[in-house]
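Below are two complexes that have subunit A in common, paired first with subunit B and then with subunit C.
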Partner chain A sequence: MSALIFTIVLGIILLYLGFVKNKAILAPVAIAGLMITLFLLFKDWGLGSKYFHDMIVFDNFSIAFNISMVIITILIFFFGIDYYEALEFHVAEHYALMIFALTGAFLMTSFSNLIMLFLGIEILSIPLYVLAGGKKYSYRSNEASFKYFMLGSFATTIFLFGVALVYGASATFYLPEIKIFISQFNGHLPPMMLVGLLFILIGVAFKVAVAPFHFWSPDVYEGAPTLVTAFMSTVVKTAGFAAFFRLLNMGLLPLPVPLEKALWVMTGLTLLIGNLAALKQTNFKRLLAYSSIAHSGFIMLAMLSQHNTSASVILYYTFVYSLATVPIFIIFILMKRAADGSEELSIFRGLYKQKPWIAVFLTILLMSMAGIPPTSGFMAKYQVFVLSISQGYLGISIVAILMAVIGIYYYFFVMREVFTEREQSYPIQVSKINAALIVVCGVAVVMLGIFVWNLPI
Partner chain B sequence: MKNFSSAIQVIPLEHYIILCTTLFCIGLVGVLYRRNTIIILMCIELMFNSVNLLLTAFSAYHSDPAGQVFVFFIMIVAAAEVAVGLSILVMMKRNVDSVDINLLNRLKW
Partner chain C sequence: MILLIILLIPFLTGSFLFLFRNNSSIRFVALAASVVNLLLTLLLAFSASASNFAINWINFMGVQFALGYDGISLIMLILTNLLFPFILLAGFNRDQKNVSQLNFLILSTQSALIGVFLAQNAFLFYVFWELALIPVYFILLIWGGDGRRSITLKFFIYTLTGSLFLLFGIIYLYHLTPGNHSTDFAIFRQLHIPESNQIWLFWILFIAFAIKMPVFPFHTWQPSTYTMAPTQGVMILAGVMTKMGIYGALRFLFPIVPLGVLYWQNTIIILSLIGVVYASTIAFRQSNLKKLVAYSSMAHISLMVAAMFVQNQFALQGLLFQVISHGVTIVALFYLVLIIKEKTGTQEFQQMGGLKLKAPQMSIIFLIVVLGSIALPLTAGFVGELLMITGLFRQSAWFAFIGGTTMILGAIYMLYAYQRVMLGEEKSTHEKITDLKSLDYLILVPLIAIILVLGIYPQPIFNLVEESVRSMQNLLSPIATVVSAIVH
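Presenting the complex of A and B:
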C-alpha cells in the first residue's frame, strides 16, 4: 500500500518538475523514486495486507508481479534518458504518465473487487491513450492514439456491461463471494451470470490483446512512439495477464464449461494468428507486435492449465519476455535513427560488420524470444509446456509447440539480416547507458535461463 | 431512499434490462457504423450510461448500495476518458483538418 501511495506522489512530483527547465534531472528522480518503490514492495512481502474493506489485497502474488513491473519500468526509464534527449517540451509529462500507468498496473495486480479491477484498468489505460499520441505532429501517432482510445473505451463499456449483469445476478462485486455464488449452481449458471462473465472476459481479453480481440494492437504498437511501445508490450502486458489470472483464480475457477471452451478457442486462435501473421510482416515494430500476441497465447496456455504453479510460470514468462523485449527495442531505435526513420526489417542489414557485439547480443535476445535452449525464453516455454501437458491438455500443447517452431522462423529472419553484409552500412551511435542496458539485459536473459526460479505465489 | 427504491421497483426488473440492453446495442451499432468520430464518442457515452442505468436498477432491486457507488466511479472515469478522447480528437483535427474516421487508414496489416 505504501508503494501504491508513493508511486502516485512520485508521479505528481515528476509532473511539477516539468516547471524546472532542466530535463536532465527527470530520469534520475524517476529512477530513484522507483528504487524506493521497489524497497517498499520488498518490505510488504509475505504480509498479505488488506485495505479499503478488502477491496485491495497485497498478497505475494501481487507484490511479485509489481516488483517485476517496477524493474522493467526502471529499465525503460534508463532507455528514456537517451530517447528523450532530442525532445524539447513535455518530457516530464511522459515520465509522469508512465508512473501513473504503473499505479494502475499495481491496482490491476492486487484487486479483489470488480470495482478495483475497473479502476485499475482505466488508470492504466487513460495515460496510455495520451502516451500513444506522444508525437503530436506525427500523423501515425495520432492515428494510433485515437484507435487505441476508441477501441479501449469500447472494450471498457463491454467489460462494464458484463460487470453490471454479474452484479444483477449475484448482488456483489466481491470476487470471493462471486466464487461462492458460482459454486452454488454446479455448472448450470443462470444465463445472465454466464453472459456477464463472458463480457467481462472479453473486456479483459481486449486489454491484453488476445485474438480475436487483437486487431488494435499491431496498429497501436506501430504508430506509438517506440519507448511507449516498449512500455506497452512489457509492463502493460504483464499487468493485463496478472489481472486476468487473478480474476480467474479468485472469482471464476473452476470455470463454467462454456467459458472454458471460449477461452481455449481464444488461446488456440491467439497462437495461430500471432505466429502466422508475424511471418508476413516487413515492419519491425509490427513484427514485434504480432510476436507479442503470439507470446500472449503461451501465457494463456499456462493460465488455463489451472495448477498451483501457474502463477509462478506466468510471472517467469512475462518477466523474461519483458527483459528481452526492452533491449530489442533499444537496438531497434538505434538502427532506426541511423536509417533516417525507416522501420523496415532491412535496416538491420550489416549490423554485424559494424558493431559485432551489438549483433551478438541482439542474437541472444532474439533467441530468447524464439525459445532456443541456453536462454531463459526456452525455459519459460518449457515450463508452460510441462504445465499444460501434465494437466492433460495434449492437443493444444502440440499446436503450441508447432507454433513455437514457426516462431523461430521470423526471429531468425531478423538474425539473417543482421549477419548479411551490406556495402554501405548506416553508422550507428550507442550511448554508454544504452550499451550498458543491452549488455545487462543480454546477460540477465542467459543467467535466468540457467538459474530458473519458482516463487511460491 | 426507501421511497425511491420502492418507486423504482414499481416497474418490473425485466423492463430495465430490456431498456438498458437496447440502449447499449444502439451505442454499439453506432460505434461500429458511424463515420464521424464525435458521434462515435457520443455512442460510447451512451453505452456507459446504459450500464449506469442498469447498475442503478439492480442496486435498487437488491437493496444494496454498492451498485450505486460503482455508478459514481463510472461517471468520473467516463468523464476523464471523454476529456482525453476529445483532446486526442482535437490533435487529430489540427493535423488533418477532418473528423472523418475513414482517414485513419495509414496503419494496417
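Presenting the complex of A and C:
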C-alpha cells in the first residue's frame, strides 16, 4: 500500500517539476522514485495485506507483477533520457502520466472487487489516451489518441455494463463471493450472470488486445510516440494479463462452459490473426503490434491451461517479453531517426556492417521474441507448451506451435535485413547510456533463459 | 569432466576470437582448438573408463545438464571432431570477409553439435539441436552465394518447423513421466506408451529428423541450400548435420516409441528407397557439379535411413560405419568441388573438361574420392553399403535390390561426372590452371587415408559400436516377438 501511495505522490511531484526549466532532472527523479517504489514493494512481500474492506489485496501475486512492471518502467525511463532530450515541448507530463498509468496498473494487479478493477482500468487508460496523442502536431498521433479513446471508452462501458449485470444477479462486487455464487449453479448459470461475465471478459480482452478485440492496437501502436508504444506493449499488457488472470483465478474458476469456449475461441483467433497478419507488415511498428497480439495468444494459452504454476508462467512470459520488446523499440527509434522518420523494415538493412554489436544484440532480442533457445523467450514458450500439453489441450498446442514457426519467420525477416549489406546505410548514433542498456537487456534476456525461475505465487 | 571440456573448447575459443577484428592468426587458433578437441575425443574413445557429467539445471522442470555417451554418441562425436579441423582448414589461404566472425560461427556450430551428441536429457538435446542451427543460418546468410536471402530463410523455417514438432513430442513425453516430471532420456525409455499413441507420436518426433537428414519428401530445402552455401557451410551441413537427424532418430524413436517404429517401419523404408532412386536419377541429370554432389549425398543418406529402419545387426553396423565413411567422403568431395570451381571458375559441366592434363594429381585424388563415394571394394564406402544392403536383404530382397541401385546409379553418375570434368578435350579457358597446392594435400590426403584405411581394416569402428548395436537390437526384438505372437 505504501508503494501505491508513494507512486501517486511521485507522479504529482514530477508534474510540478515541469515548472522547473531544467528537463535533465526529470528522468533521474522519476527513476530514483521508482527505485524506492521497488524497495517498498519488496518490503511487502509475503505479508498479504488487505485494504479498504478487502477491496485491495496486496498478495504475492500482485507484488510480483508490480515489481516486474516497475522494473520495465524504470528501463523505459532510462531510455527516455535520450529520447526526450531531442524533444522541444514539455516532457514532465509524459513522465507523470506514465507514473499515473502505473498506479492504475498496481490496482489492476491487486483488486479483489470489480469496482477496484474498473478504477484500475480507468486510471491506467486515461493517461494512455493522452500519451498516445503525445506528438501534438502529428496527424497520426492525434488519430491514435482519438481512436484509442473512442474504442477504449466503449470497451470500458461494456465492462461496466457487465459489472452491473453481475451485481444484479449476484448482489456482490467481491470476487470470492462471486465464486461462491457461481459454484451454487453447477455450471448452469442464470443468463444475466453469464452475459455480465462475458461483458466483463470482453472489456478486459480489449485492454490486452486479444482478438477479435484487437483492431485498435496496430493503429494506436503505429501512431503513438514510440516510447509510449513501448510502454503500452509491455507494462500495460502485463497489467492487463495480471488483471485477466486474477479475475479468472479469484472469481470465475472453474470456468462456466460457455465462457470457457468463448475464451478458447479468442485464444485460437488471437494466435492466428496476430501471427498471420504480422507476416504481411512492412511497417516495423505495425509488425511489433501484431507480434504483440500474437504473444497475447500464447499468454492466453497459459492462462486457460489452469494449473498452480500458471501465474508464475504468465509473470515470466510477460517479463521476458517486455525485457526484449523495450530495447527493440529503442533500436527502432534510433534507426528511425537516422532514416528521417521512415518506419519501414528496410531501414534495418546494413545495420550489421555499421554497428556490429548493436546488430548482434538486436539479433539476440529478436531471437528471444521468436522463441529460439537458449534465450528466455524460448523458455517462456516452453513453459506455456508444458502447461497446455500437460493439461491435455493437444490440438490448440499444435496450432500454437505452427504459429510459433510463423513468428520465427517474421522476426527472422527483420534479422535478415540487419545482416544484408547495402551501399549506403543510415548513420545511426547510439548514445552511451542507450548502448549500455541494450547490452544489459540482451545479456539479461539470455541469462533469464539459463536461470529460469518459478515463483510460488 | 572431459566431456564438458570437449563441449566448451570450441565455443570458448570461438568467443575469444570473436573479440578480435580480422587478424591473420585467427584461423590458426581456431584450427589448434579443433585439433586439441580431436585429440581429446580420441583419448576418450580409446580409454577404458567411461566419463559423464551432470548437474541440475532447472529443477522445477526436471531438466539436468547431463552429458554422457554410448557407442553411437561416440561415433558421432568422433565424426564431428574429425571433420571440423578439415572444415576449418578449408578456409585457409582463401579470401573471406569477417574471418573472426566466420570462425566463431563454425566453432559454435561444433560445440552445439557436440552437445547434441552428448546430451542425456531430451530438453538439453533440444536446446543444442536448435543452437546448432543458428550459427549455420548465419554462415549461410552472410557468406552464401546467389539467392541466399530467400533460400536461407526457407532452410531455417523448414528445419525449425520440424524442431518445434519435436519440442511438442518432448513435452508430451515429459508429461507422461511419473511423479516429479523429468526429461531424462533414461526415464523416457522406461515409459510404456500405448500403441495407438505411439503411432502418431512417431511422426511428431520423426519429422524433425526426417527434415534434417533429409528423407523424401522432406528434402525440398536441401538442393538449393547446398548449392548456395559456402563450402565450409555445406561441409558442415552434409558432413555432420545430416548425421544429427540419424542420431536423433536412433536416440528418440527406437527406444521410446518402438511400437510406432514397427508400425511405420515399411513406410519409412519405402520412402527412403524412393529417395534413393529419386536422388540418384536427378543427380544423373545435373549439369552442375555441386548440385550433383548434393543429390548424391541425399541418395546415400536415404539408403542409411532405410538401413536404420530395418533394425538388424548388419544394417545397424553398416549404418554406423557409413556415418563416418559418408562424412569423410562428402567433405572431401565438396572440397574438390571448391578447388575445381576456383581453378576453372565454373561448376557447369559444359565449360569443363580435360582438367587431367593440367592437374594430373588432382584428377587422381578426385578419382579415389569418387571411387570411395561409389563404394568400390577396399574403400570405406564399400564396407558400410555392403553391410546395409545385406541388412536390407534380410528384411526383403526387393528392398536390397532397390537399395543396391545406389551403388549402380552412383557409379554411373559419379564416373560420368569424373569423365566430364577430368577427361576429354582440354578447354581453352584452362590455360593458367595449376595442380594442387600443399594446403590441398594437407586436407585431401588425410581424408583419403581414412577412406582407404577404414576400407581395408574396419574393425576399430565395429569394436566401438558393438555394444550399442546389440542394445539397439534388443529394443525391438522382444517386442517384435510379442507382437508377432499376438498376430498369430
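Keep in mind that, in the parts below, the second predicted complex is superposed on the first by the 457 of 457 C-alpha atoms of A that agree within 3 Å, B and C clash if a C-alpha of one lies under 4 Å from a C-alpha of the other, contacts with A are read in each partner's own complex, and residues count from 1 in each chain.
Following the convention adopted for this analysis, contacts are C-beta pairs under 8 Å (C-beta built on N, C-alpha and C of every residue); 3 or more make two chains touch, one makes a residue touch a chain.
Computed from a predicted model, the values in this text were never measured in an experiment.
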item	value
Most subunit A residues touched (candidates subunit B, subunit C)	B
Which superposed partner A:Phe332 touches (first subunit B, second subunit C, both, neither)	neither
Touching partner for A:Tyr409 - first (subunit B), second (subunit C), both, neither	second
Touching partner for A:Phe6 - first (subunit B), second (subunit C), both, neither	neither
Contacts of A:Thr157 with subunit B and subunit C, given as first, second, both or neither	first
Subunit B versus subunit C as contact partner of A:Ile126, first or second or both or neither	first
Which superposed partner A:Gly168 touches (first subunit B, second subunit C, both, neither)	first
Partner chain(s) touched by A:Glu143 [first = subunit B, second = subunit C, both, neither]	first
Touching partner for A:Phe319 - first (subunit B), second (subunit C), both, neither	neither
Complex contacts: residues of subunit A adjacent to subunit B	115, 118-119, 122, 126, 129-130, 133, 136-137, 139-140, 142-147, 149-150, 153-154, 156-157, 160-161, 163-165, 167-168, 171-173, 218-219, 222-223, 280
Residue ranges of subunit C touching subunit A (in the complex, touch as defined)	58, 60-61, 126-127, 130-131, 134, 138, 141-142, 149, 152-153, 156-157, 160-161, 164-165, 167-168, 171-172, 174-175, 181
Complex interface listing, subunit B residues touching subunit A	17, 20, 24, 27, 31, 37, 40, 44, 47-48, 50-51, 54-55, 58-59, 61-62, 64, 66-67, 69-70, 73-74, 77, 80-81, 84-85, 88-89, 91-92, 95-96, 104, 106-109
Subunit A to subunit C touching residues, read off their complex	309, 367, 372-374, 378, 382-383, 385-386, 389-390, 394, 397-398, 401-402, 404-405, 408-409, 412-413, 416, 419-420, 452, 454
